[in-house]
Amino acid sequence: MYVNAIELEEHNEPRRKRLAMELEHISEQVGADKCRQVIDLLRKFEIAIPSWALGAGGTRFGRFGFGGEPSTLAEKIEDVGLLQQLNRASGAISLHIPWDIPEDPESIRRLAASYGLRFDAVNSNTFQDQPGQPYSYKYGSLHHVDVRVRKQAIAHNVEVIRYGVALGSQSLALWLADGSSYPGQLNFRRAFANTLESMEAIYAELPSDWNLLVEYKAFEPNFYSMTIGDWGQAYLLASKLGPRAKTLVDLGHHLPNANIEQIVSLLLMEEKLGGFHFNDSKYGDDDLTVGCINPYQLYLVFSQLIEGMDARGLTHATGLAWMIDASHNLKDPLEDLLQSVEAILQSYAQALLVDQDALREAQEASDVVRCQELLQDAYRTDVRPLVAQARIEQGGACAPVEFYRQHGIRKQLMQRRGVHAKATGL
Amino acid sequence: MYVNAIELEEHNEPRRKRLAMELEHISEQVGADKCRQVIDLLRKFEIAIPSWALGAGGTRFGRFGFGGEPSTLAEKIEDVGLLQQLNRASGAISLHIPWDIPEDPESIRRLAASYGLRFDAVNSNTFQDQPGQPYSYKYGSLHHVDVRVRKQAIAHNVEVIRYGVALGSQSLALWLADGSSYPGQLNFRRAFANTLESMEAIYAELPSDWNLLVEYKAFEPNFYSMTIGDWGQAYLLASKLGPRAKTLVDLGHHLPNANIEQIVSLLLMEEKLGGFHFNDSKYGDDDLTVGCINPYQLYLVFSQLIEGMDARGLTHATGLAWMIDASHNLKDPLEDLLQSVEAILQSYAQALLVDQDALREAQEASDVVRCQELLQDAYRTDVRPLVAQARIEQGGACAPVEFYRQHGIRKQLMQRRGVHAKATGL
Amino acid sequence: MYVNAIELEEHNEPRRKRLAMELEHISEQVGADKCRQVIDLLRKFEIAIPSWALGAGGTRFGRFGFGGEPSTLAEKIEDVGLLQQLNRASGAISLHIPWDIPEDPESIRRLAASYGLRFDAVNSNTFQDQPGQPYSYKYGSLHHVDVRVRKQAIAHNVEVIRYGVALGSQSLALWLADGSSYPGQLNFRRAFANTLESMEAIYAELPSDWNLLVEYKAFEPNFYSMTIGDWGQAYLLASKLGPRAKTLVDLGHHLPNANIEQIVSLLLMEEKLGGFHFNDSKYGDDDLTVGCINPYQLYLVFSQLIEGMDARGLTHATGLAWMIDASHNLKDPLEDLLQSVEAILQSYAQALLVDQDALREAQEASDVVRCQELLQDAYRTDVRPLVAQARIEQGGACAPVEFYRQHGIRKQLMQRRGVHAKATGL
Amino acid sequence: MYVNAIELEEHNEPRRKRLAMELEHISEQVGADKCRQVIDLLRKFEIAIPSWALGAGGTRFGRFGFGGEPSTLAEKIEDVGLLQQLNRASGAISLHIPWDIPEDPESIRRLAASYGLRFDAVNSNTFQDQPGQPYSYKYGSLHHVDVRVRKQAIAHNVEVIRYGVALGSQSLALWLADGSSYPGQLNFRRAFANTLESMEAIYAELPSDWNLLVEYKAFEPNFYSMTIGDWGQAYLLASKLGPRAKTLVDLGHHLPNANIEQIVSLLLMEEKLGGFHFNDSKYGDDDLTVGCINPYQLYLVFSQLIEGMDARGLTHATGLAWMIDASHNLKDPLEDLLQSVEAILQSYAQALLVDQDALREAQEASDVVRCQELLQDAYRTDVRPLVAQARIEQGGACAPVEFYRQHGIRKQLMQRRGVHAKATGL
């Protein structure tokens, strides 16, 4: 354990006075009851950390390691445990198979539990070939023209479900790199039909309390078409598969200028929104720190989610699978993830501050000036004290990144794991 | 009549020899039977001309007239008749209400028939306020928060259907400027629900042999969201409405880089593609001459359409509502439309030349090099002689734009209608 | 006068206590000296209001008036005066010729002065034809192939300079709709050369204390190319013209995903940034309220501007021509402009709070986590009290939009000017 | 040698008759003299093949090998030699250091000469760390805040020049992955100034008959800013460096919807266009086969190049550095390169067929309909026989891809080099 309660208290103690003052100020702004309500909701909110985001990512052109990367699943769990100790909002881990195969699920589960972690969605991988694999995914997997490739990919997914069951997961997240690079390469209809058929086979193996999360993605360098390229296609698949199939929205998987908050709203309306991949991006699927490029968009998405979940009677904390999906090329992944979780909590808190009754009234009156004022008023409010308070109340650090740096945790990890330790994955 | 058979023959006669030579050449390239088959299909193919595209368009910043614009519906029909006489592929007209109200439908129908024209989809307009209209469409129409506005918009659409019935149309094309300019202005779910409810009311009034065509559009300067912004939303509406509701794809109504050919393919698969608006664009909804910016994309779209329609057993000529939707800011609209129809016919002919059996085989073998060769081979073929031959066989002009210029038709129109005649519409 | 000092005091008085409390809070956050410094800079900051933004705008498809629009230049000045009385940061007006020709410049100047207004950049118009104009701008103006058209456009600009001199302006802003709609239409080099030659003629007529501001724009529906389409082209022209030619950056005039803050930084570096057009946009040149779509981008732009101007020793308030360029389709223009100015001042204040020394240090250490923390720390700070304080100190309203609504100013304007009054312009 | 003259003749012989017929047809279309002139120009035209494009590329997510990849520089030269034997238009190779270090330049040069190959631009690599390298390029190279990193990168470039001199190259192509991932990370001005200073040091080491080619790129997943992100920045650097510094345009390195042909035209005008990287793309820097997505754009670019080079008196074949830059993820790289070269030659031939006099006349008359007709007339012409004829006349294969397949060359390469041979590089 890199963090202990005494150190946390030593970190928090000198910050409490100022925090109390800031809480008092925001209480005067929005009311003490509202503050309490937001803090309580923040305490329940949890974002799953993906096992693949704990090592260095890279571009097509280069990858730069940083030392102390976790090279085993146990070390990855340790890293997420560390985050959870610091921010008390990262109590779940999302595994990627085969990068992180739990050889002994029981002991892995115990290890996670010792950090207070549960296992969120499991992720399969049919976008890379593994050594010894009979058929290649070069031309796709679930959409492949060759039934043998599809069967191999289906079998892999079924295996991933089995791992997930052993760990207590309750959903399978499906992201495919299936697509085409050249006009003419694919018959789009057949590719779609094959994908659907393959997914039906996987869906049939899904435990009754599981969800199948169908992720879409608009593009990645090298592609001309993606077989599940937009929310319409993901929705179509999910609606044909059945009620436990939902879509998974990744903020970075859209064409330029797409209105993601509207997509989210409509998917919620159709009961087909299943989960979220948080990150931020400037141009494409940049997988950058959440909220680092366009925090207002993140807030708008959250506003739609909150309003839509409330309308459906969904519990914020558990109604959707909340996950980060990011790639850490320059930043220390743990610092990056702390920043991301912080940004998510801030946006959630801001969205909770929107005066929904007044907004509805202004919308009904087509008073767009007022609509904007209401939305921006919540956004302009400095909610950082609420987030810090929720964290402290649960035993986390007031300022997680500062704590992490002051205690030289990366240095400790490097000493223990080595400078050249490299995380499995991409 | 601005064109007579003698003039046409005088125009065609000196061109026949060269055309014959070129036909012989392409027959050697692709086979005489194939040529004949393509010509026969071209002869049956017809693209509807929109009544609003016969005058000068404009941007937000300016509009430049050109003289001789048709200022009455009769003159617009005359213009389309002229196109039809020249290219024999523009035998339908798509009306826009209230810009072109047929006060006396029977006489209008007779006038059109005298040019060999039929009436394709009728278009309603709830994106502008008309003088004396009780409620404004400033904040939308079918999606409006105020039920009175929605009812007014529904009533207008029902009226448009009535005009259409009187003229022999069989579909109503719905394009809405409903959207929002500012985050917070709209509740997306309520906007969608209102739209659906309004469309249900319109659908209920649809004659049993009519289609309702739901058009989507990604953006237009001034908007932050469009209530029917992508194919997914149009599909959702059409599938909830019923079997006679379909989507209408306008080539210029997509986000940057969207793969339109894939969208087309999937909509056909789902039996939800109803019609097409042809044009071309560089950045947004530029409404430029078909094929002037990216003719290969047009060809790829046609390839998907042909393959998909054949798979469904749909007749090319009548399986979809084929329409041009363009805006003529710089070119003489009649010349522009002649160029557009020509580009459509060329793409159609090229798509017909694709060796579908070989392509399927190459796709099944994941031979992407061969897929591309097959697709590009058809595209690189110079099909202009086939298009010209189809035209001549039906009594049209070998080179329509040349004919139009040689006979100074615009000048005649200006003399008759005046230099400052201005078409109704935008 | 729609606003008087007594009413303002009645509005401000009950808000002072809360504002004082909020100021105290932010003083504790960032220091009292820093607050004072920011407030003092805010007091000096001024954004010019464009005369064309006071009436209803529109799209290609429709325009919806709102009543009480200013139909004369005097009324437009009255409107800007009203804004200035409320927010004390709109003390300049940017005129558009020929929409707002000051027939009697001396009296117009006196009228403006009576509201404490000065005249910022004057704008010419060669993107529309005016009645009686010998040559059309259909195919462009300064880039036109026909020298007579170019000369006419040059003469118009010289006339605009003359008006500007009479009013005390010191810069001419040049936005051209010159471009092409079709590949092949233009020879790009000749278009550029013609533009340069025309601008040289205008530049030669520029008073010695004037700047020529060259605006670029990436696209507008209907175009295939813009003759001044990006900052590179504007820079090229400005650098060939001479030291008093600069570029004008409009936030909405870029291709999707362009990094505008980087452009701004480089233009400043090259001493070629002359002015700014503020607005916000989702897709294209949407001309929406400043900060309504992506307030963080606005802040990033300001951060670059402040850092860059400080590095050059430029005074914030006067180093650049700060202007709004927006179009008001749904909102009351005066409310919209109040929101825009507010958003600009907030971003400016946030940018002033960035700890530049710490940021430089973090940058030098490639500590990107810290760079982000520093940048977001300033952004997350609730600077609204600073902006309100700066306004109140100068005699403005604590909450301008609220004041405007409480006093029913639009209603008064409608009563005086009529419901159907329509602003000159587009 | 995988290709010999006898086999080529056996391949060509049965195709000659049909080719002759097709040549006759095109001669009738455009005139025999014009055909001869185009063929002669095609014969002189040569596109450099990059040494890094001969093995399998990949995405961030996966790489799929194909067998028989060249694993040494000698084998890469052999591959390019093979292409050259087949298409007689690939007589140059562009090396990438350190992926392909010519340990013994003299023998490498002889080997290349034995295939009739020369060395075009050499490329440096400061976007990856090499084993044993003192300083990391994680945060950039020529723009780095740390002068030691910059010096290391400069030294590398100087070394690359030295290799290039030994091989007879005459230009250094500089592509940097220098940029930032997060707002705040970089001071844009300092990054630019550092880049300029570094380039000045490299420029100073440039032999007097060499060019420095500055490449720009808009984005790549993971970035928020690119230090040389658009043509404006590349131009600025090149113009500050001196007359032998030029820009390098890669077709895939632009923001969505950029008008590349206009950029090309202006850079030529300013004498700052130095070279070209051909490829095609749908969304980002997809590095797909030239002409596979948007062949008309390629043609438009060529039209501008031809017209602009003629205006400057530049020889087509040598006035610019013509290179392919593609990544081969699905196709056999040799087949892919054959398709790319073919597409380039076709576009070049089409551009040569444009009636420039008539086009100029139509432009001067603002006859945009005619401009389009002229441009499309050349484009619609089936120029494949001209390209084949130029190839055959020089001893190449009439149908290179067919030849390659019929002779099972990939199979031979796999047998000799092994199925798991892997090219050096990414």
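As written, the chain order gives the labels A, B, C and D, with residue 1 at the start of each chain.
One rule holds for everything that comes next: a contact is a pair of C-beta atoms (placed from the backbone, for glycine too) under 8 Å apart; a residue touches a chain by one contact, two chains touch by 3 or more.
In UniProt terms the chains read A, B, C, D = L-rhamnose catabolism isomerase.
As the structure is a prediction and not an experimental result, all values here were calculated from the model.
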Comparing contact pairs by residue number, the option in A-D, B-D or A-B matching C-D for over half of them is A-B
Relative to chain A, largest Cα-centroid distance belongs to chain B
CA centroids of chain A and chain B: separation to the nearest Å works out as 43
Whole-angstrom distance, CA centroid of chain A to CA centroid of chain C, is 39
Listed in rising order, chain C residues that touch 2 or more other chains are 138-139, 181-183, 185, 218-219, 224-225, 256-257, 259, 282-283, 289, 292-293, 296, 330-331, 368, 372
In the complex, chain A touches chain D at residues 57-62, 64, 127-129, 136-139, 177, 181-183, 185, 218-225, 256, 281-289, 292-293, 327, 329-331, 426
Listed in rising order, the residues of chain A that touch chain B in the complex are 138-139, 145-146, 180-190, 192-193, 218-219, 224-226, 229-233, 235-236, 255-259, 261-263, 265-266, 268-270, 296, 300, 303-304, 307-308, 311, 359-360, 362-364, 366, 368, 371-372, 374-375
Residue positions on chain A within touch of chain C in the complex are 21-22, 25, 28, 256-257, 259, 282-283, 289, 291-297, 330-332, 335-336, 339, 346, 368-369, 372-373, 376, 379-382, 384, 401
